[in-house]
Amino acid sequence: MTLLTPQAAGVFVIAVTPFHPDGRIDMDSCDTMVDFYLGAGATGLTVLGMMGEAPKLTVEESRDVVARILARVDGRVPVVVGVSAPGFAQIGALTQMVMDLGAAGVMVAPPGNLRTDDQIVTYYSQVAELIGDVPFVLQDFPLVTGVQIAPKVIARIVNDLPTCVCLKHEDWPGLEKITALRKAGALDRPLSILCGNGGLFLPEEMARGADGAMTGFAYPEMMVSVVEHYTKGEAERGRDIFDAYLPLARFEQQPGMGLAIRKYTLARRGIIAHDALRKPGAGLSANSRAEVDRLIERQEQRLKELG
Amino acid sequence: MTLLTPQAAGVFVIAVTPFHPDGRIDMDSCDTMVDFYLGAGATGLTVLGMMGEAPKLTVEESRDVVARILARVDGRVPVVVGVSAPGFAQIGALTQMVMDLGAAGVMVAPPGNLRTDDQIVTYYSQVAELIGDVPFVLQDFPLVTGVQIAPKVIARIVNDLPTCVCLKHEDWPGLEKITALRKAGALDRPLSILCGNGGLFLPEEMARGADGAMTGFAYPEMMVSVVEHYTKGEAERGRDIFDAYLPLARFEQQPGMGLAIRKYTLARRGIIAHDALRKPGAGLSANSRAEVDRLIERQEQRLKELG
Amino acid sequence: MTLLTPQAAGVFVIAVTPFHPDGRIDMDSCDTMVDFYLGAGATGLTVLGMMGEAPKLTVEESRDVVARILARVDGRVPVVVGVSAPGFAQIGALTQMVMDLGAAGVMVAPPGNLRTDDQIVTYYSQVAELIGDVPFVLQDFPLVTGVQIAPKVIARIVNDLPTCVCLKHEDWPGLEKITALRKAGALDRPLSILCGNGGLFLPEEMARGADGAMTGFAYPEMMVSVVEHYTKGEAERGRDIFDAYLPLARFEQQPGMGLAIRKYTLARRGIIAHDALRKPGAGLSANSRAEVDRLIERQEQRLKELG
Amino acid sequence: MTLLTPQAAGVFVIAVTPFHPDGRIDMDSCDTMVDFYLGAGATGLTVLGMMGEAPKLTVEESRDVVARILARVDGRVPVVVGVSAPGFAQIGALTQMVMDLGAAGVMVAPPGNLRTDDQIVTYYSQVAELIGDVPFVLQDFPLVTGVQIAPKVIARIVNDLPTCVCLKHEDWPGLEKITALRKAGALDRPLSILCGNGGLFLPEEMARGADGAMTGFAYPEMMVSVVEHYTKGEAERGRDIFDAYLPLARFEQQPGMGLAIRKYTLARRGIIAHDALRKPGAGLSANSRAEVDRLIERQEQRLKELG
């Protein structure tokens, strides 16, 4: 089993949780989804992300989904599992379970009541102590958690805790934060920075020094391509690709509707069997489905023009 | 097994979760705590309340605690279990588990993202559908959930959903809400109203028409006495008792510190073996312990004066 | 003086407040900005919007800015003024002041403590009573205000209060809300729906039945063009234009940085003299400025391709 | 004119804003209120506090109220004026206005968007630079502002900014914060700590090292007495007094209703002429008025017993 390292780069796609229309987990779609993501060039996967439907799963279901996905991945890429929970007992139990199953590391978001610099550092110190030598991803997503983590606080955490190997960067605006962390001397050791927000700022994030993306747009090939072109120094070509997908990426990034759009798109592409969301989630209206369809048509047209 | 009914009255003490200093659950203290609460006149118990340490338990631990408490209670009083969770799968699984163990009903708080009247009604309709014929307590606690439920929305829920048998009233200020719900014609059928906030407004709540308390002050005998005196029409005597305990009740009601004070007091009284909180909770400073000690001394003195 | 009506359509540009680098208001730039906006096809202007720097102005400065802009507009298009304030006395005084100066109406966002349907309806009833026959815009912007207004609550307000002539639609996701309000019978009388969010969803909003935009992208000509093409039934051409501007529009829409980007762009275009923000606002880093420059170059290139 | 100093102690009563039933400011009641507060032993006054009705006043009204109160006080005690506002221009203008009128200093709460330690320090540095040599009170009230200020951040502010002379301490729980700031070496220079929360924790706050209270209970004589007894080393007598008033103080401290209760009590005592609140505030129901009446009767009885 490979563990996550500070050299993590490329695109870690955040996997959706496929359901049958009646609400049961669709295990077969877990397989087709994994195959697709890896075929599209994903260098890693992240499951049970906080913005998805992970909180709608029972503990047993969470284990089954993680097990199924890990089995299908079969060591080809590292798999990170989100283990954020209100209490340490839950975080500890979930971490042990997924690491035993073969995960490469875990991801932890700060609980929403943290405010001061020291509270945040203390929390991650306690988490790191709890999970021992398991590498973890610090999820920095203030828009949802309400917790703002200054670059110097991230630096304190990274410098103090060797198991903090990766930052899931989802601050908004966050470009200056990448620049601050990439400044010579800001950190004592390497840190992988993978960016979120559906890839909506990926070109600029790569230009600032990010190592890639960890997020969930329904066309991960866009993110793979942008990261590759930026890595090869072909920024303009990367932007051309990005711009072609942007109208849909923007549409998918609507808070409160994004997951339904993503699942609809994935199902339309045949990557999962159904676009079903578990209650209380709701699917797309006919209007919205038509809008996505139209955006995809135009996207394909634009990609054809680009060649 | 007795189910919770709209006739629920008296004091449902919200039980703490006792831990050993090393963080393990202290099962023996579950027994002594139950014995004490029932001896003090509790007419019911509530476990896994959202303000306590329930979120720090794994699913297995939650089951073990509920099972132990139910075994000790042994049907003498109804036991309500808090099952609030981000997703319906978890709520459903937890409900089934605790009802199978012998709980009398469950308590559900609204998730923090609910805002409009219809969103709230829809949520509870879905919960009621999910848990079938299990009676439930609607937990109305805006200060923590951020969700404000107008009296007419509570009325819609109660009138529409026969399994909603009890309101845990914890709005602040909420006295007018009790009056609104007790007005002739406000509701189509009986509803138990049990009040929270550590009993800090219990005399006024009883005068407005509440049926009792569902909360967790370390001297539940105060709440039992206030409810009894109000029920017997001896309001002034009830207030005398209340006032004697108020300095400590006020101190225990400090947000962020209340549970540590309550556990310290319970341990000091010999009701649980340790005042330990699970991480990331912290215990009381020496100063705070001395303050509680002094408040208890004065309380005992005052009770002696009252006779 | 023309008052705002339910027939308001097109693009009401939300004006920035131009400052000198030393923090004084730049009155000359108010003039050049007005000239530019009207030249670009704006059908109205909105000043003192809540997301801008209006709260950084003293009452006297607010009056001076509104007076200067109204003088320059000179009745050519209606001007709406944001008057949201914590208290009715302030709302009333500000409304009277700007209407005396010649504004066409005012815009009012709900205070952040409103939650239940009735609280929201009551608030707007009191506002409408307070400002008499002044037409007002209901600003629906939950991401910032925290207040969620269901379509049926908007309908109650519109149907009850004849002076509520326009909805500034900025819910996110909000497309279904437009559809709900445009459904036959939803409203008793006409209502102008103008959309916000920097125009980021303008094509879809127009398709759902919006009348235009009320927001502040630094290239208002994009919004004007999109609205015109949709109005003429040339949706695809509208989308082509939209897509060309989208990379920059997306960049400008970053919360916390958007205004600095917008001012930098406006100053770069010569529309205002300086990109200065008043403290505690901060300007753009050299990196960000270069990113905007690059986005504008690519945008011009793409527009040339489109012809 | 005397300026506020770090030696400020005793009770700074937070004044209400008296209105006529029709909503006009009741200037005569400003006089009787000042006379009463000073007669009750107040060592200072604070006006335009953020929890009161200050945001309901126009700028002109604010000036008139401050002028009237300052005229009546006539230099006998220092008067602090709350100047918190969204922008520096407003803070600067209001500060200059009230200092010209004879205020002793101003009070500034942090805007709700501040999160990290450095953001908070930077904000107060900018405020201090803006208002020059005017002494100011740092208002620390996380329950309302959402901003948590660690003791070491307060220390940085106090040590860096000589004009920060007083902390209005209203964190909850905040007793450990007082202890932390009173520890030898925590601060480089003296700091007045005056506590809020309606005096609900005043005995414990005094014991921890507070200098007094800055808050608004309708019986300021209680707070004056508690502070005096603690200062003289007569803690038990101080507690006896405190306990006698606690049932009413607790009732007045209900969020959302406190000000109506306070005004009703002040009017009942003849200290102001009317209990009117400005819209959208609402007065007390008949039930609530009767509850206050009963609490006052019992309070008087208990004080008689205490002698």
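Think of it as A, B, C and D in the order they're written, each chain with its own count starting at 1.
Assume a residue touches a chain if its C-beta (ideal position, glycine included) is under 8 Å from a C-beta of that chain, and two chains touch if they have at least 3 such contacts.
Everything quoted here is computed from the prediction, not taken from an experiment.
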Quiz item: For the chain pairs A-C and B-C, which is connected through the larger number of C-beta pairs in contact?
Solution: A-C
Quiz prompt | Most distant chain from subunit D by Cα centroid | solution = A
Quiz item: Measuring from the mean C-alpha position of subunit A to the mean C-alpha position of subunit B, what distance in angstrom results?
Solution: 38
Quiz item: In whole angstrom, how far does the Cα centroid of subunit B sit from the Cα centroid of subunit C?
Solution: 47
Quiz item: So, what's the distance in Å between the C-alpha centres of subunit C and subunit A?
Solution: 33
Self-check item: Touching two or more other chains - residues of subunit B
Solution: none
Exercise. Over in the complex, which subunit D residues touch subunit C? Could you list them?
Key: 53, 55-59, 61, 85-90, 93, 122-123, 126, 278-280
Quiz item: Of all residues in subunit B, which touch subunit D in the complex?
Solution: 143, 172-173, 175-176, 179, 200-201, 204, 207-208, 239, 242-243, 246-247, 250-251, 254-257, 285, 287-288, 291, 298, 302
Practice problem: Quick one: which bits of subunit C touch subunit B in the complex? Just the residue numbers, please. | Solution: 115-119, 142, 147-150, 152-153
